[in-house]
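A, B and C label the chains in the order they appear, each numbered from 1.
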Amino acid sequence: MTLSLLLEQALNGIQLGTMLFLMAAGLTLVFGIMNLINLAHGSLYMLGAYFAAALQQWTGSFLLALLLAVPLSALVGIAIEIVALRRLYERDHLDQVLCTFGLILFLNEAVRIVWGPVPLRMALPASLAGTVELPPGFPYPAFRLAIILAGIAIALLLYLLIAKTRLGMLIRAGAADRAMVGALGVDIARLFTLVFGLGAALAGFAGVMAGPLLAVQVGMGDEVLILTLVVIVIGGIGSVRGAFIAALLVGIIDTFGRVLLPPALAQIGIYVLMAAILFWRPRGLFPAHG
Amino acid sequence: MAEALLAADGLVKRFGGIAATDGLSLSVEEGELHAVIGPNGAGKTTLVAQLAGELMPTSGRIRFAGADVTRLGMAERARRGLARSFQITSICPDFTALDNVALAVQARSGHSFRFWRPARREESLRAPARAFLDAVGLAGRAAVPAGILAHGEQRQLELAMALATEPRLLLLDEPMAGMGPEESARMVALLGRLKRRCAILLVEHDMDAVFALADRVSVLVYGRCIATGAPDAIRADPAVRAAYLGEEVG
Amino acid sequence: MAELPAGAAQTARRSVIPRLAPARLALLLAALALLAVPILAQLLDQPFYLRFATRVLVMALAAISLDLILGYGGMVSFGHAAFLGIGAYVTGILAVHAANAEPLLLWPVVLPGSDNAFIVWPLAMAAAALAALVIGLVSLRSSGVHFIMITLAFAQMLYFFFIALQKYGGEDGLQMPARSRFGAFDLGDKRVFYYLVLALLMAALGFCHRLVRSRFGMVIRGCRQNERRMRALGFPTFRYRLCCFVIAGALAGLAGALLANSQDYVSPADMSWQRSGELIVMVVLGGMGTLLGPILGAAAYLLLELVLGGWTEHWAIIFGPLLILLVLFARRGLWGLVARPEAAGG
């Protein structure tokens, strides 16, 4: 493997990692604070991609599609939270798994009805359609680089939000001890809705950015869901920092696995990683709860 | 000199920067009822968790029945005769009271890799279970699902389950928590009857119970034992009064 | 064919207080209905009903095996379909090798292919049990959501492994060259196969019925209710739960062998995580921790899939919300509607 190939795959791994981080951050927060397993998180990613594809076709602009699709995804997320998921906070995990499984079935089918079974294609935005010349002297797709930069920017924003703002303090407190936060007189329902909306926005954003790279199709949410679940379990449930590190780890291992290993082993690499980490640290790398 | 049945030596348990148990040494002799008292936050429940094997101490040793059990888990210690009741009632709510105690009896009668005979028809399990329920005063409630028993009855059930494992030492973590005066008096009478059957380490807030039952009392403050002795001696000890009984009055 | 849920609903309407009579009556009706299916199918000249009923019975067996660990053991495994798939693949692979008369090289052993049910089906169960042992050893150290995730992870590993096996069809799956040979019985005869599956299901049901009431069963059920308490009593809970996990895996392996035969086809889709999810739905829909519930659940689920699928190809849009409503409002499932379960769990 040449150096430039190595670097390219490393960057691809990081790009996958940042996408997974966008998904995982929302999911781990929802899980950590509301103790809710939300399998439908992947569906929000799918919706983001579909909204963006439709909006891009309608307006002709990727940027506009992005700016509209993300809030739309957040709104759908909030709607789902209010209508369906609120009742699940008190239920056990099995009930949550089943309900959100039902939600996946519903959303997948709804999308299939509205947009049909044929995958949609999204065009790369003109400004990012080319390649960028990176230091050792090899070209890398500009769009993928944009994803990496956007992901890092969002990670920084999240860090600032969680570490430096009052909302962030509530989030950290909630992840560590949900009952206490309620006892402190915080409007729990609003906090939950806000966190859920944030997660939905992140998922939608990931979906929009994934759109031009992958085909926008009905099953896309399921695949990314599994990877995201693996990420948050490895990172430690409730920990955004854990999600960041785990996402990069998973992204890189999965990418290099596909390149280096025979097909039979390539896909299972991250599962072996997860099993190994859970064996050594049954609660993940950085569990939020004590 | 006979070795104590249970001996905790220099136990330390840290959570992050805080030492919930800070160099605690304690012993329980065969057949004695040893009470542990202390203000809230003194680390009593942490102590019980370490003695029972639910928490591993950061440092220190625990010896039970002549063997070092520091690294052994809860199940292993239970098999060696160290039974416990929980501060927050811990039973199998869907099983009847009798089922619960029968399980405890079953735990002591060999392995449970028996797949065919219905356990509920095994008199070798049910008869002793009924006897233990009777001993704690729950004979009439045997067929009631444990989850719907009254709070006091559930505490009695916990005791029956602990007894059914035929322990050499019983760790009782606030058995009278949440009980009214009548129920407490019943529990005290019950514990009095049980006193000679096995050694008991009793963690309690209820001072009447403690001073009525205990052979020895240890006082815990900030994770260490500041005094051990006969109840009257403890009552009179000025350090204890200041740290604990004084707080209650003031 | 549709008499199973209908009969049960009828008896529920008829009387509410004495719980023994309606449940027993429902069971009797159900047993008769099951026995009569092949005859009915012949009379109505609808061979499809027989195929469908056979599939229901096979999935019912898989659902019962999941109920052991989920309903009774409280272990939410999101990878149970993996054991189903292993059983199916062992059956299919050995059948293919038998048909081509080439031995299977599994270093250091050279296995001839086989289509003899008395060899292959126990092997399928053993393979699934072995997988359950390995997976259980690693997974059962975790609990709660971590357990769900790690069982999912292992199932995914196996799923991708079988997809990558190009020799055995990869993603497209494997055709069964012929059904297993079961002594003098011709399993190619759909009626014979149906009765065999029914017999095996009843045997498994009987076995599980004894199991959950035995000493072992009491330990497992105690662990579901309060694992910490069980350890405090002195039970080494890990080994019992692992044993239960392995037994459930073996039963699922048998279901897999039967599945391969009933479909005449084996595919990785049979061990996807969606399939694991469906199994959980069947158990919960029917009624967790009841053994009979999962049979109802499998029937109801597959019927729903069939009927809704007949109305519209977009049946999932109805089924999704239905599932949500079920979980929110009818948590004890269908069996919970028919028979008031004993408080102590029977």
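What we mean here is this: a residue touches a chain if its C-beta (ideal position, glycine included) is under 8 Å from a C-beta of that chain, and two chains touch if they have at least 3 such contacts.
Everything numeric in this text was worked out from a predicted model, so none of it was measured.
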Using C-alpha centroids, which chain lies at the maximum separation from subunit B?
A
Give me the ID of the chain with the smallest distance between its Cα centroid and the all-protein Cα centroid.
C
Between subunit A and subunit B, what distance separates the C-alpha centroids? Give it in angstrom.
48
Subunit B and subunit C have mean C-alpha positions lying a whole-number Å distance apart equal to 43
Subunit A to subunit C, mean C-alpha position gap in Å, rounds to 33
What residues on subunit C touch subunit A, complex-wise?
70, 76, 78, 138, 141-142, 144-146, 148-150, 152-154, 156-157, 160-161, 163-165, 273-274, 277, 280-281, 284, 314-317, 319-324, 326-328, 331
List the residues on subunit A that touch subunit C in their complex, please.
31, 37, 84, 87, 91, 93-95, 97-99, 101-110, 112-113, 222, 226, 229-230, 233, 237, 262-265, 267-268, 271-272, 274-275, 278-279, 282-284
Residues of subunit C touching subunit B in their complex?
210-211, 213-219, 221-222, 225-226, 228-237, 240, 243, 343-345
For subunit B, which residues count as touching subunit C in their complex?
52, 54, 73-76, 78-79, 83-84, 86, 90-96, 99, 102-104, 106-108, 112-120, 122, 145, 161, 165
